[in-house]
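You will see chain A twice below: alongside chain B first, and alongside chain C after that.
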Partner chain A sequence: MDVKDKIKYIFSYKIAGKLLIELNTKKAFKNFKPPKNWRTDILAPPLRTGVYTKEIIAKHYLEGRYVSGVKPVAWVTSGAPIEILKALGFYILYPENHGALCGARKVALEISEEAEKKGYSIDICSYARTDIGATLSKKTPVGKLPKPDLLLCCTNICQTVLYWYRVLAEYYKVPLIVIDTPFVYDEAKKHDIEYVKKQLEASIEVSEKVAGKSLSFSKLKEVVRLSKMAAELWLEIMNANKNKPAPISVFDQFIHMAPIVEKRGDPETVDFYSKMLDEIRERIKNGIGAVKNERKRVLWDNLPIWYKIRFLSEFLAENGVSVVASTYTNAWGELAPMMDIERPIESMAKTYVYPILNRGTGHKLKTMETMVKEFDLDGAILHSDRSCKPYSVGQMDQRLKLLNELGVAALLLEADHNDPRAFADEQIKSRLKAFMEMMD
Partner chain B sequence: METVKSIGIDAGSTTLKIVGVNEKGKILFSIVEDADPKVEEQTERVLNKLKENYDIESSKIVATGYGSNLIKADKKVTEITCHAKGIYEYFKTGGTAVDIGGQDNKVILISKNGKVIDFIMNDKCASGTGRFLENTAWRLKIPTEKMAELALNSDGEVKISSTCAVFAESEVISHLSRGQKLEHVIKGLHRAMVKRITSMIYAVGFNPPLMLSGGVAKNKAVVKMLEEELGEKPMIPENPQIMGAFGAALIGLSQ
Partner chain C sequence: MLHVKIPTRKEVIEEEKSKGKRIAAVYPIHYSRELFRAFNIQPVEVWGPPKTDTRKANAHLQSYICSVVQSGLSFYLEGYLDIVDLIVVPHSCDSLQGLGSIFKDFIKPKQELVTIYLPREKNKENVEFLANELKRIYKQLSQLCGFEPDNERLMEEIKTEEEIDTLVLKFYKSRGNLPLSSREFYTILRSREYLPPDKFKSILEYALLHASKGKLKKTGIVLSGLLPEPMDILDVIDDMDAFVAIDDMACCMRRVYEEGNSSDPFERMAERIVNGPPDPTKGNSFDERFEFIKSLVDLTSAKGVIFYNVKFCEPEYFYHPILKEKLGKAQIRSLIIENDINEPLPQQTITRIKAFIEMIRELS
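Now for the complex of A and B:
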């Protein structure tokens, strides 16, 4: 550890940076009011506890600016089993989350063009392009990303990550851990779980070597416990939308899910979701819906369209349509019951084999059908995401089944989660409008 | 001077369609013009001209189509709802309505009582739309209306594999430069377009009868090939291009 790095880290992040962010949060919480151009005529004000989302993310990226040389840094895929790394004291960066942030701030295109200039095809996932572009050009809206000391890639979300992380390993010349998760068609076999468990065990040695210390089993149990607690709270927040009107729209969930992805395993994340759940319960008690005049309730399938969240939220809310459930935000809550604090490695192996993207299309259909019934939905919007083939495959049939078997309106919406060039404004508007007219 | 109860305006990507109906929903006039870039001015000009022959002072106006945002109207409705309404009222039956427009294709499943059950539109790709044929016609310097005649009278057919409106153009040129007959290539072009539409129809699930609207429904080769592909004779209104505007006008009656 470099002493200069450490002093800089302590001063700029631990003392001054954190303090400044916390002061800002306190001020924002106390004088809470919606942003100037917030459509209060059609939407409830943003959640007041949302100021803590900002705080957690701001701290996370601020720490990232000064963390190199102080803590080991790992870059990981969104579905990676991070509990071991967390217990070893790694600073963990999620390139996909950083990509989403670039998308929401509308700079993803500029950054992914940096990758395209170097020959990466526009047919590659727009998260991968944004990340590789940010790596090559150092462009990022968060100031600076810390270089990885270790890469952890888990194939439970797609196969693209395998090639993407090989590019990163080649570029940064750091070890790459691959956790290969067999695809689950129906139920995972015993040997599937065993296979993942063995890989997790083998990864400990590599991670320990990079971290320069040994894994404490009790620490790992604690991380798993906190991870599970946060995921359970997140699930409870999402399930609160079974109430009418729904207190938190899926578009809000897209924003407030950042800590459950990026900071699970931290005690602050548990506290944060606990506070958010209180506010949501308060909303339910007072009959406040995320969309004023909620007339129709629909679900969202697939990744968000990060650069159009505001537009979509308002366009639908203008017609009293509230998006109340989503397979995507659900993915970070549905697996919580599988985590077992007493058997951390084994339960991690099971948990990380079962994400929605590692399961057959029939499972996703079942998830949506359950949502339609439990959340009492009128329709479904299936975002056919050009960048995410594993999520989009099967949607043609899923759409027809929802329509024919459950009788709900269902729309396939062609776009891309991070590449605005794949979003045709007028076409999307006309399809959404026709979808809403169909529900009336 | 006849009183117009409701006017439907369909401001499409290629053409502007305006239809006026009386209180019984009978069509009093219909106008089809190439769309001007400033569709709001064009609409105003057409409406002013109509005032010479019709009383439109108290007419309800319902607008649809990509240009509808700019038009002053009592109500704005999507093309899906308007086409479904127009087609259903015209034929008095549910089924599968297919509208082949300049830039958008729509397949709409209509229930027995006229409700939209499901719809599908081409995504961000103009393959299989009117523009697909128009582009090639322009490139080959053949009037668009002659394309169908050439295809119908062709004794052979060349397979066009590209369904991209832009790439098909170069494919056509390469076939011609290799000595393929013009009419064979044009017939192949029609086939490629019809196959694209057919796959859209199957994507929502074909439920006969097949009812066509949109400018391309006037193309006899497309109609014949659709019948060949689906095994079902399409029903075509007298003026298929105005079905969206007609539907819009009918929606105005209930306002």
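Now for the complex of A and C:
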């Protein structure tokens, strides 16, 4: 560890940076009011605890600026089993989350074009293009991303990540751990779980070597415990939307899910979601709905359209439509019960095989059907995401089943989660209008 | 030119059926032919086929899914696969994963559906996993066929495939001495996708008998990608007094596996696939893929590489920029073009191929 790096890290992040961010949070919390252009006529004010989302994310990226040479840095896929790395003290960066942040801040296109200029096809995942573009150009809205010492890629969300992380490994010349998770058409077979378990065990040695220390199993258990607690709280937050009116919209969830993806396994994340749950319960008690005139309740399938969250949220709310459930945000909570603190590796092997994206199209339909019933939904918007084939393939059949067998209005909305070139405002509006007419 | 009569897929299916064999329609890419053969099942691969009307698949798949998968599904929905007894979908990429899942959950074919998960990476654990996966399929096939071939029978089929792989390599190495156009060469080679091993072997042996001592005095090209469809691309190359000297294609060279070591048939079949030539769908490293393509260039003295990509094929896309750069550093020129297997080769693409061949010829 470089002493200069350490001093810079302590001063710029641990002391000055954190303090400044915390002061800002306190001020924002105390003087809380919705942003100037917030549509208070149709939407409830944003969650007050949302100021902590900003705090957590700001601290995370600030730490990233100064962490190189102080802590080992790992770049990981969003569904990766990070508990081992966390227990070894890695700073963990999620390129997909960074991509989403670039999308929400409307800089993803400019950064993606850096990758496209180098020959990366416009038809590859827009998260990957954003990340490769950021890697090649060093452009990022967060100042600076730390160079990875290790890459961890888990194929439980798609196969794309495997090729994407190969590019990163080639560029950064650092070890790449691949956790290959067999696709679950029905139920995972014994040899599937065993295969993942062996890969997890093998990953410990590589991670320890990069971290320069041995894994403490008691620390691992603690991380798994915190990870499970945060996921359970997140699940409870989402389930709170079974109330009418729904206290938070799925668009709010998209924004506030960052810590459960990026900071699970940290005590701060548990505290944060506990506070959020309290605020949501308060809203339920006072009958506050995310959409003021909640007329229709719908489901969102697939990734968010990051650069159009506000647009979609307002357009739907104007028409009394509240998006109250999502297969996407649900994915970070639904597997929490499978985590076993006493058998961390075994339970991780099982848990990480079962994310919705690693399961069949029929399973996703069942999940949506359950949500339609439990959340008492009137319709479903299936975002057909050009950049996410595993999530999108099957949606055409799923839509028909929802429509014909469950009698629920269902819309296939073609766009892209991070590439605004695949989104035409007026076309989308007319599709949504037709969908709303179907629900009436 | 050789006068070789190659039966069509339809003829093979009818003949094998009349012998009491079952037919498996197999989607791309990797699987163990030998396992199916041990159950008297004749695999007939479904690579598209090209120039298929994909309207029926459009009811299930979005427009951004590649034409190989679109055509493959349409081909089934049009009823062309009604004659087969089982459908096999290897897990080659996200789109084929989706196809397998749609088959299982929504289309529900009358035939038995077999899915195969192929491990990524090349190591011992992956061989063990794939061996277990093949055992699972063995059980499924046993239930379907009502018998369990013993290890000896499995080994016999494995050895046959290994022999054929050796012969295919010989065929490749003799490419420059064979009086065959690129279209003829690949028509012969790709008949392995549906011919029984003895028939395929006899065609290869016959072709090899005609190898001359003098080498073709043409510009050699390495063709990389999924499949050479539409085959017009081969004619365009030949028209320029060039030829495909060897390939790095999923339907051909990437499935010429080495002999396995294990005496356990399941492990041996798994070893062959896991340790096979680098393939983007297996997630091989850039160095492995570069070294492999370079070795093909060195072996054949080819003058350039054409990456011929099917539109929307993500696994191939990711490798192009870095492979192109690495090849460039090794003074190997390359060209990236993409196409849809259901569309004719655009004039623009033809012009680019011609310009590329002219350029490498001038530079060599």
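One rule holds for everything that comes next: the second predicted complex is superposed on the first by the 440 of 440 C-alpha atoms of A that agree within 3 Å, B and C clash if a C-alpha of one lies under 4 Å from a C-alpha of the other, contacts with A are read in each partner's own complex, and residues count from 1 in each chain.
Quick note on the criterion: contacts are C-beta pairs under 8 Å (C-beta built on N, C-alpha and C of every residue); 3 or more make two chains touch, one makes a residue touch a chain.
None of the values given here were measured: they were computed from a predicted structure.
Engineer: Check whether A:347 is in contact with chain B, with chain C, with both or with neither, and answer first, second, both or neither.
Structural biologist: In the superposition, A:347 contacts neither chain B nor chain C.
Engineer: Hey, is it chain B or chain C that touches more of chain A?
Structural biologist: Looking at chain B versus chain C, the one contacting more residues of chain A is C.
Engineer: Quick one: classify A:203 as touching chain B (first), chain C (second), both or neither.
Structural biologist: neither
Engineer: Can A:431 be said to touch chain B (first), chain C (second), both, or neither?
Structural biologist: First partner only, chain B.
Engineer: Contact-wise, after the overlay, does A:322 reach chain B, chain C, both or neither (first, second, both, neither)?
Structural biologist: A:322 sits against neither chain B nor chain C.
Engineer: Between chain B and chain C, whom does A:414 touch in the aligned arrangement: first, second, both, or neither?
Structural biologist: both
Engineer: Using the touch definition from the top, say if A:126 reaches chain B (first), chain C (second), both or neither.
Structural biologist: Neither partner.
Engineer: Which partner chains sit in contact with A:403 here, chain B, chain C, both or neither? Use first/second/both/neither.
Structural biologist: First partner only, chain B.
Engineer: Is A:394 contacted by the first partner chain B, the second partner chain C, both or neither?
Structural biologist: Second partner only, chain C.
Engineer: Overlap of the chain B and chain C footprints on chain A, residue-wise?
Structural biologist: Residues 384, 396, 414, which sit in both footprints.
Engineer: List the residues on chain B that touch chain A in their complex, please.
Structural biologist: Listed in rising order, the residues are 66, 77-81, 104, 116-121, 123-124, 203-205.
Engineer: Give every residue of chain A touching chain C within the complex, in rising order.
Structural biologist: Touch residues, chain A against chain C: 118-121, 123-125, 128, 155, 158-160, 162-164, 166-167, 169-170, 178, 180, 182-183, 185, 189, 191-192, 195, 198-199, 202, 360-362, 365, 384, 386, 389-390, 392-397, 401, 414.
Engineer: Which bits of chain C are touching chain A when the two form their complex?
Structural biologist: Listed in rising order, the residues of chain C that touch chain A are 59-62, 64-65, 91, 93-95, 97-102, 104-106, 115, 117, 119-121, 125-126, 128-129, 132-133, 136, 280-281, 283, 285-286, 311-312, 314-315, 317-322, 324, 336.
Engineer: Using the touch definition from the top, list the residues of chain A that touch chain B in their complex.
Structural biologist: My answer: residues 384, 396, 400, 403-404, 409-410, 412, 414, 422, 424, 426-427, 430-431, 433-434, 437-438.
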